[in-house]
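Each remark here refers to the structure printed beneath this line.
A, B, C, D and E label the chains in the order they appear, each numbered from 1.
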Amino acid sequence: MSAVTTRNLPKNSSRKPGLTPNGRKRNSLSKGHLPRWATPGIAAGSLILGAAASTLGGFSVVTFAIFTAIIFVVASAIITTVVEGSRRGKNALATHLVYAAFLLALIPLVSVLFTVLQKGLPGINMHFLFHSMNGVTGAIDNASVENGTPVLGGAYHAVVGTLLITMWSTLISVPVGMLTAIYLVEYGKNGPLARAITFFVDVMTGIPSIVAGLFATALFAVIMGPTARMGIVAAVALSVLMIPTVVRSTEEMLKIVPNELREAAYALGVRKWRTIAKVVIPTAISGIASGVTLAIARVIGETAPILVTAGLANNINVNVFGNWMATLPTFIYYQILTPTSPTNVDPSIQRAWAAALLLILMVMVLNLGARLVASLFAPKKGR
Amino acid sequence: GTDAATSGSAGGAVTGTLTGSGASSQKSAMEAWKAGFEAANAGTMVQYSPDGSGAGRKAFLAGGAQFAGSDAYLKDEEIESSKEVCGPDGAFNVPAYVSPIAVAFNLPGVETLNLDAATIAKIFKLEITKWNDPAIAATNEGVSLPDTAITVVHRNDESGTTENFVEYLAATAKDVWDYEVSGDWPKDLASENAKGTSGVVATTTATEGAITYADFSAVGDLGTVNVKVGDDFTKISADAAAKGVEAATPVKDRGALDMSLDLKRDTTESGSYPIILVSYHVFCSTYKDQATADLVKSFGEYVLSDAGQKEAATSAGNAPLSAKMSAAAIKSVEQITVAK
Amino acid sequence: MSKRIDVKDLNVYYTNFLAVEDVNIEIEAKSVTAFIGPSGCGKSTFLRTLNRMHEVIPGGRVEGEVLLDGDNLYESGVDPVTVRSQIGMVFQRPNPFPTMSIRDNVLAGVKLNSKKISRSDAEDLVEKSLRGANLWNEVKDRLDKPGSGLSGGQQQRLCIARTIAVKPQVILMDEPCSALDPISTLAIEDLINELKNEFTVVIVTHNMQQAARVSDKTAFFNIAGTGKPGKLIEYAETATIFSNPTVKATEDYVSGRFG
Amino acid sequence: MSKRIDVKDLNVYYTNFLAVEDVNIEIEAKSVTAFIGPSGCGKSTFLRTLNRMHEVIPGGRVEGEVLLDGDNLYESGVDPVTVRSQIGMVFQRPNPFPTMSIRDNVLAGVKLNSKKISRSDAEDLVEKSLRGANLWNEVKDRLDKPGSGLSGGQQQRLCIARTIAVKPQVILMDEPCSALDPISTLAIEDLINELKNEFTVVIVTHNMQQAARVSDKTAFFNIAGTGKPGKLIEYAETATIFSNPTVKATEDYVSGRFG
Amino acid sequence: MTTNALRRNGSKGQVGDKVFSGAALGAGILILVTLLAVAVFLLIQALPIFSADPELVSGGEGFATYIFPIVIGTVIAAAIALVIATPVGIAVALFISHYAPRRLAAGLGYVIDLLAAIPSVIYGAWGYLVLAPALVPIYAWLAENLGFIPIFEGPASQTGKTIFTAGIVLAVMVLPIITSLSREIFLQTPKLHEEAALALGATRWEMIVMSVIPFARPGIISAVMLGLGRALGETMAVALVLSTGALIPSLIKSGNQTIAAEIALNFPEAFGLRLSELIAAGLVLFVITLVVNLIARAIIARHKEFSGAN
């Protein structure tokens, strides 16, 4: 049993535990470890060095933050490696990189949210929320800028359109996507059809959104003639974009449901479809809900496919099977790119950012809803 | 969508939904027309999708829209193919929206510059790269020109604005501007670019030393170029643009109703501004049912009327049609009939 | 009612690997039959073929016949669900449904098939099944808590309760007590003794004493070596197997100093 | 080398639920200690506190001291990683790494500490560890196949092989044999007997005979009722516990007709 | 033997199974049919360009010459996006699943998911209003100090609207996709396997490498593929952020173009052959996605035997 002595034992582990000068026994388990103050110490050092390094090339908060972060990550990895060995060093490096990645990911999020809030908040008011753009012209915007009166016109019609079109595309793609994922995981196993579907679902992820829109337009043109622009066409276009996300995320989540649970149900004489519906899906529901939310979030912000399928409207339309419809992204898009009054763009810009803020809030609510649904069914933990 | 007019007695009130599609340049004006028309004709609805001129013409020719807005008039073969949806007399174009295209720049302290066509062409061809270039200085005595690099900003999407602008360059500075005229900026002229009028204006506004071309109504605080016409430099304005349209000649060999224009970019008539965009409305000469014909007619007449043109101009900041032009256009629209 | 099982010339394969070869066995109704044998000899594999659970494993397939009171489980047209609702199974590893409360876990077999059951009947069934599995006292105050919060032994007893609740005619148990303490094991063994009055029980165990205590007949499986198929070596009255086996291998195995 | 463990006034909580109360115990170096007791009495919970594995469970925390040769595992500044590399653990449920081959599973712990283990040393270690766990003959031809393709018992032996390969100073085993057949169990028990010459072994078992056979000292845990904490009732020489226990509960438990 | 009792009462309950599996199969086939229809639609519309006189294609030198630079541009933009988003996304997912305090984790995951809620137009606007100007000095620095490397060749863009900026915007858009899916899978890693690693004395990172990553591997690849799809197919954000141009190696000068943006920018005015050209570009993107996914699938398949899945 001694051919390979590979353990990384503290060097004095075979000696009698030593005594520290104050008489307290030294803990050999904590020997060779950085003291508690090491991390804050290294952080403080990094702050100083980072400040010094960033002043070399003209001080700025950004370079200061970058230098400090890099110095901290590198220094703590090196110091940990020297004191505690390479394994702990690697662990420290990974830990700090993971934290750094999270902070890094927060930067664009905070920046975008800040931009949207800053530019969008002033535009959020009752008028904006409950009025459409019907009848709002450049002349009205010009007047409000010249007279300093409140901006008129709102996003109500676009909110309605977004909700309806998203709802319909969800109604189409969630059942289709989930059933497909179920087919792939539970029925198709690894047969040729399942492989073909898996593969083409992957390919589907790369369809540019506008192509999806053109396809839906062409499809409905074949069925209903060339004038077919309406909410449902947009919903079909968005479904083409949503389905792969729904399939892929659901598929991955179903795959990691332990087989034992399926076996347990089968052994009780439960039919396969009921096993899937009552055992497998609830077990995976949290992940599925995340995936569906993600899929919705992905398409709710689409512009290009809506323009070619649902047209553009200034008025409120609640019928997805007739007339044109605006959604928040198309509203934002046109308010930014072709402002209502080209000479006084501020009202349009304000409306655009306010609409963006609305859209984000809508997705937040949706997200919360999905989480609620998920937690109702999700595996129960604890006692 | 339900696009057919549902009712409407001849000559009386019109009702129904009118669907159009096309040039994005007309969007702001169209919102004004839509609001004005719907207010005057209860029970009507106009929907216009600013998909782009090409898309608009395509939708119109396929029967997907009852009228199109287009920065270019229908080509002969398009008129030919329009007979499928419009009957034997086909479709026709009337000018509905005129807007001057400004050559706009961002040079702090400089509000206007006088430039001739060749110099403008050289700047956009990246041959003149500094603002204090002698060619610029020559026509701008007394203006202090900085040693700033010129950043050309052009449209990265295919656009009517680009097409009209380069058509002007090709017509007036042939020796310099030897590129094919198209709505796409020449591929080998690598410089900054952005999407849409608002995009180029935003980029130019953010970049010192930048120059671009854009719809006059949208250039905001940017400086504008006075373009050399004849021996004078014309300051950009709605009136000067209307005058520029006056100089145009009708396109030959077109149907009786058609009012397509050949713009005279190289006009020398002083006071007229030659870099203009004329955007058309494309209608059928006959529609399948009375209600639609009435609706289209009534809408077309309103757009081209004095009131309609004024309404658009206050909203979109463009140039109204001259009285003569609008009268002629209204006459064409009045002759829309129902297919036998 | 309980039913007898007759297995004829059964081969079990994983894809092309022959895991169990040529088993012939008759399992009496209202009896307890124990399967013993070294690890990897195919006890679990064979047990699963008795209610077609092997079909759930990719590549799992059989040749031969398994007759439940003369009806071949493998005849075409037989629905495995029908088979499994008559032949229940308890697994080696406890596997309660993590999304369900303890109560719902017990009722899973009933509820998942959306059989209508009145509230009070359900409560009775839950209590009865949990008592049967000797779990009632430990969980009666937390029936609405998730089943995954129980200890390993408690979870296994929950799984047994769940199986009893559907009242199958045959109950297959794959080392049901391997995660249990003696007290629970005692309860389960008592339960098995009780069950056999009504049902047919087949149990896989590594515990000789357990086999000796609970079973009427014992089947000894063995394997000649890795990659070789497992075989039924000897099948006889439990007393015979433990005291007077015919085959040398059986004797070697059961006379080990283990339990 | 092996080390002794002294536990002082240990309480173990799951969030606010006191699972194990006030344990004081001294585990000798180079000895085998068995923990016995009914299901749910906190044997696994307590065992995990000996190498801080309870910290992995949400809400798991302790009060009190666990001293490894006098060094408190819970002193601030002690890294649980250091603790666990000296105190290894085998779990109740086999848990080989499914993405690793059998060979890599055995070497998983070893590779953590010495990246540069020579090929032949590695091969030796794999063979030695697998032989020690009585698995070598069954898997020697498929060392490159995934560990998840083995039977339950084979998987458990693979986990034992993996743990002994790192040669910890203390080995904790939570019902390591509950999924094993008698032959494998014998091998593991022999192994434990061998290990104790060099290492300290703590084993949780439900099998009285096993406790009697392998352990030097035995600790009996019990629980007063559901929701009550588990307690150490009696801790003494194994012979004493089984022949002459001081506490009535111990006697009742060990004299059950089980094993 | 008489009738088999098991068979007699068996067929009744099977209707549910039949309907359900039929529906699942139907959904799968519907997807195949839809995709086939998309492909046919693209092919029919694109066909004219393949038989067209090369002179008539944009650029005047045939379709291949036209499409090649934007294919490369698309690949560059997607590559930048994935190179940034994959490690960051996985790290963020790990942060939420294995590093952040348990109570915080759910909320944090939710925060990152919000990135998915932002419409692409807003990403575009943010890209050119906020991000691009912020990057100008960095590009200038890169051009000055690392200009000898072709990808950092100067002079740097004055507006910051470069393919690199577009890549960063895409990375931000792709990040929530990768994070969300990976996170859910990381959270499902069997405790058994994590404990196995920890009990062997693994550090947290070693535990992740030994048990979490291998278990999640196919899922991570799926997540990255979904992200890739988004990066390849994103139109509006790129159209707004990128100052397009000919194919150039430098990432910090204006230039390059992606297929999706090319379609979006030119579709409104496109007519006739130009339309076919753009649709053909869509078809090419389709093929690119196909090829990339083939490769990814091959990677997953190679490790199939050792996949942590059941």
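Just so it is clear, contacts are C-beta pairs under 8 Å (C-beta built on N, C-alpha and C of every residue); 3 or more make two chains touch, one makes a residue touch a chain.
As the structure is a prediction and not an experimental result, all values here were calculated from the model.
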Looking at the contacts, which chains touch chain A and chain C alike? D, E
Most contacts: which chain pair? A-E
Find the geometric centre of each of chain B and chain C from their Cα atoms only, then give the gap between the two centres in Å, rounded to an integer. 83
Centre-to-centre distance between chain E and chain A (centres being mean Cα positions), rounded to whole Å: 13
Per the C-alpha means, the centres of chain D and chain E lie apart by a whole-Å value of 46
Multi-chain contact sites of chain E, meaning residues that touch two or more partners: 13-14, 17, 129, 190, 203, 206, 215, 267, 308
Two or more other chains in contact with one residue: find those residues in chain C. 81-82, 86, 93, 113
Contacts with 2+ other chains: residues of chain A: 87-88, 91, 258-259, 271-272, 274, 336, 381-383
What are the touching chain pairs in this one? A-B, A-C, A-D, A-E, B-E, C-D, C-E, D-E
Chain D contacts chain C in the complex at 37-40, 44, 92-93, 137-139, 141, 150-154, 157, 175, 178-186, 206-209, 226-227, 253, 256-259
Chain B residues touching chain A in their complex are 1-3, 17, 19, 21, 24, 27-28, 31-32, 34-35, 38-39, 45, 47-51, 55, 59, 62-65, 195-199, 215, 217-218, 220, 311, 314-317
As the complex stands, chain E meets chain B at residues 58-59, 128-129, 133, 157-159, 161, 239-240, 242-246, 248, 254-255, 265-271, 274-275
Show which residues of chain D lie in contact with chain A when the two form their complex. 1, 14-15, 17, 58-59, 68-73, 75-79, 81-83, 85-86, 110, 112-114, 117, 121, 124-125, 128, 166-168, 198
Using the touch definition from the top, list the residues of chain A that touch chain E in their complex. 62, 87-88, 90-91, 94-95, 97-102, 104-106, 108-109, 111-113, 115-116, 175-180, 182-184, 186-188, 193-194, 196-212, 214-215, 218-219, 240, 243-245, 247-249, 251-253, 255-259, 271-274, 276-277, 286-287, 290-291, 293-294, 297-298, 300-304, 328-329, 332-333, 336, 352, 356, 359-360, 362-364, 367, 371
